[in-house]
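Labels for the chains are A, B, C, D and E, by order of writing; each one numbers its residues from 1.
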């Protein structure tokens, strides 16, 4: 019995509760804060999933920067609480129903474990040894051991994924131009 | 010429068109940040941007001319005829839209030359999307394109419609991106790769798995949104109407074309083993899209909305060609897209010239008597309508034949028939446009006095219209080219797939 | 003559010139001053006439195969070629087209006074399209011409037509366009199927015809698709309702071209494509019964409806529906006689209905009305016109000695062997056709002169006589001496019958026993 | 490790995001729900990266970049529409329809 | 000469063309018109006589003259434009050109003051040309050209004064009735061709018996269909109603077309295709009984007509009935004989009445009075003013009534005798004979009534008119005289044995009619006592009829139209012509027009096909489009819901099995 699994479930519960609150709070600021909470919970899960660097980025960039931007805008616009509208319930119910069906479809993915993935992945008759089927997973563990958490992620980012990395710079530039053009009061 | 895509130099060479255009966009941005106050500035930047497109086309041409091929697996970007073909078309669209926007923006009171920068960056996004050999590049290209187009859609800040269109497009677009991303994640999970060819190899080797199937489904959702297939289409009419007209042209032609190029590539390279799975989906999507698009278009009064629904219907036709999953089908996609794009650009170009600053959208009835006042504009728009309708003598007709031929070669009869039913419905809304322009009298004497048709736009539209007519009679060059490129798409992936 | 034609290499260039000349003249019309437009059109029309008449001699009646064949690659990637050729059927249609052309231009000489450039340019474009349909030996090319025709016709009706022209033009285009959409699918399907079986993907008529037997299973559907397109164009009941509107609203030139040539495209299509491609299905007992039955219904139905029309043009339009029913009946009669008759009806319907429309157009020019009740007793003020009308009406009625009879007689006698009861039904139309045309004649040209507005109607002038005279002469000529035409079409009819014969259920033979009780 | 539960959690969060998008009418909140969806997908990537190597983690970084870019542009657009409509209520933004 | 037979057609045809041209260019050149018009006929007549002499000298074999190939369709169907000169067509040729010439001549006087003079002669010449084609044609299709052509001319001539609506109506009606008959002829041709493989008279006579079973259904059907054509052309029941209306045309037209030539074409056709009829005994019975009934009913109607031409018209219908009775019994020669004699005396009667009408008309014109120039109630006592006409019409009356030794007596007597003989074995013929006898009685009666009302008593047309009544000019009376002579001596053609003859015409026609012999019992004409009884009976009937007619008419003064009380009972039925016209109008014409307009045109065409079918499809499409466009209501929430619904369905399709 390791500690990882119960901790995971704690974080999972936290994230789900936060997410539910995020989408149900009528005050946008509450929503935003609950979303931040969700992100923190996810960061915790990332740590459990051996992605410490991502967890850090999640907290710093996502929860720290992006969500602050949201809060900033909400406050700038001074948007109030959403009023309750009982007439809208049927539409809401339809949404809930559709989402539930979609959720059920996606939840089927929860049935995946390492072994099943390996079985499906391999052309050999099942069951197979996951470690043999997924050497990259082993290799990444070795890379972390060798270069550290950040280094292991940084190495492919600047070699194999150099082109996408460069594209993100263009993407951010575009976003900046766009934001400026749209948000500036007077051009 | 073989290019080693794993080295930075090789990658730069492979991405030359994108790099050229991005670099030029930065240059233009620099210029624009100094000169962005007067109409003259805007025009100046516009001309500069067109130069950028020319350069990028030259770069693409160079790549095609030297016959650049990847050394081994195409990493991140594809190096094949299909990419060059799509790049040429997309650059051409971008350039044409830049030309159409020239002076139009100033007339509408939009003096912010960053427009051209965004246009170029959006084009870069499209090129990445269409030329990507890797899901990551594809996703980033898609996002680059989308973000730029969100901004462009809401660019006319003085009009609420534009802002609203921007918001709608943005919200639904971001939502759809989430699905697409989820799909990529699941595919990654199922295959361990982002590279299309490797994904294809893995998927072909094994039985269809739940994760891969779900990934495929979500991926299709993402693309169905981008090409505005029913029921993921609802944003399109509103956004097309609200966006500045050249941007609408850009969306209707460019975004759709890029998405189709990407989808064609994904389906051909990554999912050949799942044909039985995605074919019915595509078929149903195509049928519904054709019928809804055409039927709802019948009820439209506004030209832009009508063209929007017609664009939806055309997406349905293109899905039929994709459905065929053959060289013939890919060729049909290329040919039909060319026909559709050229026609759409010309139609919106003419429409843009008719629009008055700040006025409501152009209704079909506003076109009445256009022929008497502006015979060439009316004739041009008539040719466009006929081409969209698929009438002989126009390029659209050739496209229609190839479109019908592709599924028929696979023994599929229902889809072509549905396409023809759609075509039959479509005459119900294309013809009234021609009717209004040529056969109805002018409503008021001043009706068409405000048309402003800048010379470059005129030339661009004229070239389009002539192309429609010439290619309608003598399409051989395009056809041979398309057939050749279509074959490449499949052949290059083949050795790896069958390994 | 024949030697001369051979000496100038007539065979090699004639079809290209016929098709190309009107197109080449269009830019000329658009460039030259407006008042030259009709002269250019007339010149082109006369040149075409002279060139076209050469076909009469150059065409070899003894050779039933396609003649003057051209095969230039066009869209190689798709198996499409610029393939032309004519046989006895085509040659008659081409002749009909070239003969109509100058008359149409001539008839529009004064009546078209607005937008002349456009009018004559469209007329010429229309002409190329018409000729193209009849000489195309490639299905893609055929389809191109087939559809392309709609544009000039659309604008001719929509721009120079009468009050309800927009409705009529739209209806015309939509009907035809929608009707032929499935044909497109059918053509491509054929090419693909045949291509898969033979390895040659080609739209060439001969190629497809030679291998159409491979399409055993899909034949019925393909036939239906073809038949729908052609049925709309013919038009066969119940796809006919566009015709009265189009005919009525079109300007004279449009009505005449519609009647003389456009309507023949549908029957031509049946004879050339639909039936020879899929004879097994098309001529099967049930389908044959349906087609022949619809033809007969159309014949009688349209005649009855024509009887109660208040509008002259509409009356003639319905009479066209009735006449074209004979063609369909002749085609499904499936004997050389009935097919010959069908071709003959196509020709003579062109002459007589064309002439009727010309005369009505002349009346309209003078009085700006086509309502029968607005006229009466015109024979007194316009005796020549009345004479021409009466002759034409009787030719249309099918009076022996005039052209109408020959075709109808051959159709009926030829088809009688297969469908005695249907032919009996169709023959009743001799009464109804006389009823509607004579009633109309009476109410327009005879009876009391009631409307003083008609006083100023002048008789035919020289130009109008020149328009009508060739048609009237043609009526008498064909009526009394159709031999030369029959000899030219016999090859085509015989070829056709030979092609479909193996698929025919047994036809009673001449001199045999149709009913029990014969010896 | 914990692959199945992670994927399931990812699915739940994604669905919640979708639900939020469907039922909320404040444009900013809707957008936040989209962010929630992206986060859910990120979880999937990270979980799958355990099996397939670091590619998944790299992808998460890209997704975050994209999210940031979208946030910038999206919020700018929301600001722009707010200037016109004095509201970010999606139900009042129905100028374009038909 | 025989090979030049086409000249007989060409002359009138040229005449028609020339006169037509004159009618359009210079209608006032009447001298030229008369020259061309009459000249053409005379030329034609001269050729006819030449041919006749040649045929007379020949042995009776037919000569066929090929003009050109008309419809060379296939080997099995190649219709040539061939003319056939044999004894039958020679008789017809002579009658047509001879009587035609006389009537043309008469017309010169009669139509002198008509503005449509040239047009009239053009039509008349054209008619003769077509009539000759009819009788000379060597095959059914060729005859059919003439058959229809004469219908056309009849149409044009009946409606000659087209500005009176009724005239145009009458022309149209005539043509339509003919067309109904033509339906039969066409169908018969189709059947014949498919069964026998030829349409040549020659070929038919030779091959039909080989192919068609005696009394079989096909041959009966063919014969009946042919006879349908004859009823149309020759105004028999049920298609006779057009002929009385046809009197709307100029009177010489009535004489030529509607008495002497065209209407007898049916009789001619039956004789021509005698082989086919003889193979179908049922059809023969039908022909005979139809003829007899027509003879009877038309005669009854004629009893109560007051229009001089109407009387003659019904009389013509009645006499045509006799001819059909004759051919129906197989007495071909008797039919042709009566055809010829009838041509003489009926033409004479019509021309005479034309002369009367002419006189009345002129008188009215001179006195500036208006009135019906044809109403016998306004005539009377004309014998004083028009002695020539009176005498000649008197001769004709005696002839038609069957008073020996005038022409009509011989021919009619022969017909009745033939019917009587046939009646021995077949009751139907006996009934027909009885009807014929009654009709003979009535014929004598109404003719006497006509004479009495027209020529006897005092003039009732008004005193102002009386001084202006004059005899017609010589150009009109001349032909009357010739016809009068022919009416007297015409009987010599076929005198029976008891009168010292030898049935010359019957023998003369034998080469034509003998083909029917194998299938038809030879008519053994009665001899001795029976014959004399029959002859005596006929004479008695004629005399009684004449006397009765005279007596009843002159017994009390004839009432003028204004003073005539409305007829009641049978008289009203007779005066109303049994209301057949009204019946046809109500049963056939009216419903057809109503059905065409309301059901076919407005119901099916405009409502069902156009509005519901085409328009409905368009409306449904537009409606669906409108619905879709309503759904597009601008709400992002809706779009997103649609989106997710799409996702759910798509996922369902792709992954399957899941909800």
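Going forward, a residue touches a chain if its C-beta (ideal position, glycine included) is under 8 Å from a C-beta of that chain, and two chains touch if they have at least 3 such contacts.
Remember, it's a predicted structure, so these values are computed and weren't measured experimentally.
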{"item": "Those chains which touch chain C and also touch chain B", "value": "E"}
{"item": "Common touching chains of chain E and chain B", "value": "A, C, D"}
{"item": "Chain at the geometric heart of the assembly (C-alpha centres)", "value": "C"}
{"item": "Farthest chain relative to chain B (centres taken as mean CA coordinates)", "value": "E"}
{"item": "Farthest chain relative to chain C (centres taken as mean CA coordinates)", "value": "A"}
{"item": "Distance from the mean Cα position of chain E to that of chain C, given in whole angstrom", "value": "37"}
{"item": "Centroid spacing, where centroids are CA-atom means, of chain A and chain D in whole angstrom", "value": "9"}
{"item": "Between chain A and chain B, centroid-to-centroid distance (C-alpha), Å", "value": "31"}
{"item": "Chain centre separation (chain C, chain D; CA means) in Å", "value": "65"}
{"item": "Touching two or more other chains - residue numbers and ranges from chain B", "value": "136, 140, 143, 147, 150-151, 154, 157, 166, 168, 171, 175, 186, 189, 192, 210, 214, 237-238, 300, 428"}
{"item": "Overlap residues in chain E, where contacts from two or more other chains coincide", "value": "629, 632, 634, 636-637, 640-641, 644-645, 647, 651, 655"}
{"item": "Chain pairs that touch, as defined at the top of this document", "value": "A-B, A-D, A-E, B-C, B-D, B-E, C-E, D-E"}
{"item": "Complex contact set, residues of chain E against chain B", "value": "618, 621-622, 624-626, 628-629, 632, 634, 636, 638-640, 642-643, 645-647, 650-651, 653-656"}
{"item": "Residue numbers on chain A that touch chain B, as the complex places them", "value": "105-106, 108-109, 111-112, 117, 120-123, 134, 136, 160-164, 167-168, 170-171, 173-175, 177-178, 180-182, 187"}
{"item": "Chain A partner contacts - residues on chain E that touch it in the complex", "value": "637, 641, 644-645, 647-648, 651-652, 655, 658-659"}
{"item": "For the chain C and chain B complex, residues of the former touching the latter", "value": "74-78, 140, 143-145, 147-148, 150-151, 155, 158-159, 165-166, 169-170, 173-174, 177-178, 181-182, 184-185, 188-189, 191-192, 195-196, 218, 221"}
{"item": "Of chain D, residues touching chain E in the complex", "value": "18, 21-22, 25, 30, 90-91, 93-98"}
